[in-house]
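The structures come next, written out as structure tokens.
There are two complexes below, and they share chain A, which is joined by chain B in the first and by chain C in the second.
Up next, the complex of A and B:
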């Protein structure tokens, strides 16, 4: 009897452990959302909701990309440049004979390929991810600058209107991406990414091909980042070789706000998504309250430190009691 | 054969050999590269990176990272002309107070990492964001010209034909090398980087050493900021930005493990020279900014393959 029920019990215990500390985050996110609704009731209309989720969508994608790597024990500093490159490729390929589908395929393929190459360098040549992605960010920025030296290019109007118009398409896409992630986690490869981040040696001895899991994590992360770039291009209606710059810091901050650790295996994707939502709401609130950009910098720095420090302080305070 | 093996096992030496090779080949193939004046200029540029990377080396050795180096350099370069008092003819008071501010910023980084338990990468990134906002308020986006005599002397004078920036770098190198390899506190830093838990159980105070290290990193970044200001004679928002990535790259090129616990400043010195040489070579090739960026990234990656690899675990 116990042999049947123990896996369920074990599963429940592991799930509880993974959710530990997320309760507070959910509360903070909910509180901020309520504040937002009180300040700007317009969000409750379809149009307002669409606009809000459109601002959140690219940040959510790059946060997933960053969290995916951090769960695997890596990190990437090439998020911003890759978002820019995605936007630039979208804006330069959609005029060709293959049209919009061709452009989307080109962006997706570029993201996957760049991610896979970085992953292969990190996994097989044993270079630290932080440095490889730092060097990679120069190369990616260079490619984006060559393809499109100044902002421009072409995005069909109907695409911009579909993705960033007055309908919540972006939100639906996010739901689809999250469902796909859930399904991916059930595959051996998805689980392997987690396992290899938590305990590489243990994962290897349990039959996980650690190197392959790492390359897959980088490739998927590249794919998500480049697609975020495609969305940004649709949102702005053109390509810009440096538009992605703020995403690097914000993706790391959002993932850390969501409780994802730097050492791999610690954290959950739902936490990271909540972290990105929190950051997005905070940026929006400051923008709409008419904070000057300068004060936004100051507030963002303080909030990020506070959001990371407070749970840690609470934890140590509880332990001392 | 044995000599080759020794070189490959000793990253600092390997990086030195790389620099020597690159300089030799470039001097033979490019006209004007090997001129004394040009090499001296390269060393002068490398001094800024080297001094900023001194603090970075210490922090990385302890297993942390300081992403606020660029912002601290900018803050020092902009604040120094503004806070240098007019009644002080030597300008030393201004330098001392600018260094105090830089050290204070580093101290705050350390306090956040040690007491608030914020991961250093987040703490220093947030600090950089915060400083960026503060600077726009203080300087309003315009450049400030320096008239502090001591700073100009530091940036422009050449006692015995050697730029004083390079002399300053030599002094910093000596101090840092002695600190890491000949003093108990250096052993403590390395112990924390190698295994924080074991270090703590052996009686090494983690918060105390974290505070000292980040304060030192702030101090060296401030020193680099003063040197840059003296060389440029002007401070502006963004002046320190290039030094963030280069300071980290110099450390890793010198064979110091980004995970902490293993490495030496002796590797960072040739690492900084190598970076400056690379940039100079790319400038010689007449290419668009895009291609230059690609070449820089590729060269760093190639150099890392030679000297920055982590041991197989």
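Up next, the complex of A and C:
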């Protein structure tokens, strides 16, 4: 007898199973949030919550972008440059006759197109994603510097105030993005990205179009990254051709903190989101407590290694007992 | 029965890889309501033919025809649309997805572009009922044992409601009980008019299930005929052109020498508190259903997983080897079942794989001694009848020959105990015979051979003593005349002699 008795429950049961193994992460995130609230009670006001989520939002987006590719068995080193390019394009197009909507479309299209091109190269020429995206990161940085050699450009004040003002719009946007991801994962293409990451040959033989899944993964990843750039531009009120640089490694760090594996098909998006939240809280706490930058980097590195090592140590400790 | 049109045909298909012809003008026709056996030694082209029939590869020339009509460009998706499903030898599952999602993968029912989970559940429940999968459908495949994953693979093929079902070595990781369920499923499908193609190295299964056989040898068809009136020996003759009588070398009179491995209260992984011993000159078999601790027993003795014993002696020294290095020093070597991942470095040459364990010993003043290496390689290749150029990458060899390399590389260390994990899985009969002869030879030289196997006849005819594990405990220890398929299978399944399924 199956323990899933009613057909309508299967989806829910599968969703609950995906929390498996994430209990520890949820606890750690909750503990850090409690610590944060104790240290900075201001987060409990609307303004404080808004600011906090605005700091987290771009990292959450790029972590999703990175996790999406890691689940598909890839990785991207072009996150930072693509964030910068998104910011630059936002800051240079919003003055045109098409205004802000035109700028948003331009940023979204750029992200999708660059992602799709990288994906097509990786999928059809069968080149390693880490090399193609490394090359891509140089090219994208170059393009951003050509478009806007020094920080500047134009972002309307009302857009900055809407996205990065005293209202939790960024948080609401994140909720929308997560709901869209849930819907996407309930499509054959969404699950195909998972399957193609874990067992590409098996997925191909099952009738999954592995190449198409890979290109879709890169395109969506590019879209999320470029939109993160747009948000960063709104936050800072201008475009900056190198502002995205820290995001590349932070996105990988957050995904790894969230339990996403490097070999594809392993991990969950909810884990990656928690990882980005954890990283964001950690960075904030250390910043506000006045840690010198050296200590911040050191602590960040140690925590990431610990996050990967602790579950493994626990596993072998349990096995030995 | 055979008046009907074939559902799926290959007509004079040719296929080669990198200039090596693998299929040279092969014909095969799958008729509805018939179980068709495809036999051939490893490297005869069976896998390639399956890949052509299922659209995973395109023929260089010749045609694939569905319902008598040639199809142009055939892809896995097109094959599925034509009602062709394949149970692959290598699993096509995604570990982190649930059983249900794996079964539906590539053929999801949709509603508004989303996967229709309610509909998926209905369909999956039906096929899981057919194959006896009782695990919760939301369970990730990663949590299942290998044999259960194979059943998911079979359910996945059935979910596609195939008109043509191709089964490539479906029972190699199944327990006898699961294989019995599969046999029932096959008979049900046959009676419903499905065309089945069955590939197996287990001839008793072929005889029990199939009514027609195509035999491949070196990329050509050597027989395409009804199976009625052909016994097991006849089948082997069709494949290798030789009597089967000498598949297993004659058993030497059991004359065990000194104690090489003795353990009491031994626990490792699934294995809990068993007694185990082995003497020089013995071949000890470890049998049982899939995943009852056979591998853990070997790995525990080898020091590769944590193990403990109340009392133990290995190669005259008290205690278990603490790690793999200590085990090697005590004369133990281990040949894993998963030769592709654990046993060999696939892209490297046969030669470098052969000398890998000996590199340290052959070095002179810290540098490699090419002359000594060359001599060793030539000697090993000759002793193991590895044919052809040893500079070829190991992955170019057939499964059976890869296994020979995985075995051979340990011989220069002159091991006193060989731990072998299913050494003949997916190996063709000719190579099996060679491996059996080798193992007999090792025992005659005074080595202890411990062999875990899922192939019951192998345990019966090769081993001097057989330990049957069930749920990590010893269910039976048989020796001499007491070793029989019935006794092994019965003990493995936890039943008395009567009612044991072969």
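Definition applied: the second predicted complex is superposed on the first by the 303 of 321 C-alpha atoms of A that agree within 3 Å, B and C clash if a C-alpha of one lies under 4 Å from a C-alpha of the other, contacts with A are read in each partner's own complex, and residues count from 1 in each chain.
Convention: a contact is a pair of C-beta atoms (placed from the backbone, for glycine too) under 8 Å apart; a residue touches a chain by one contact, two chains touch by 3 or more.
Just so it is clear, the model here is predicted, and its values are computed rather than measured.
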Which holds for A:314: it touches chain B only (first), chain C only (second), both, or neither? neither
One more residue to check, A:188. First (chain B), second (chain C), both or neither? second
Which holds for A:105: it touches chain B only (first), chain C only (second), both, or neither? neither
Looking at the overlay, what does A:27 touch: chain B (first), chain C (second), both, or neither? neither
Does chain B (first) or chain C (second) touch A:172, or do both, or does neither? neither
Looking at the overlay, what does A:121 touch: chain B (first), chain C (second), both, or neither? first
What is the contact status of A:37 with respect to chain B (first) and chain C (second): first, second, both, or neither? neither
Going by the contact rule set out above, which residues of chain B touch chain A in the complex? 65, 112, 116-119, 121-123, 125-130, 132-134, 136-137, 245, 248-249, 252, 258-259, 288-298, 300-301, 304-305, 308-312
Over in the complex, which chain A residues touch chain B? Could you list them? 121, 125-128, 130-132, 134-146, 149, 249, 252-253, 256, 262, 293-298, 300-302, 304-305, 308-309, 312-313, 316
Residue ranges of chain A touching chain C (in the complex, touch as defined): 1-4, 7-8, 10-11, 13-14, 16-17, 20, 183, 186-188, 191-192, 194-195, 198-199, 201-209, 265-267, 319-320
As the complex stands, chain C meets chain A at residues 54, 56, 76-77, 80, 86, 88, 90-98, 100-101, 105-108, 110, 113-115, 117-122, 125, 128, 134, 136-140, 156, 306
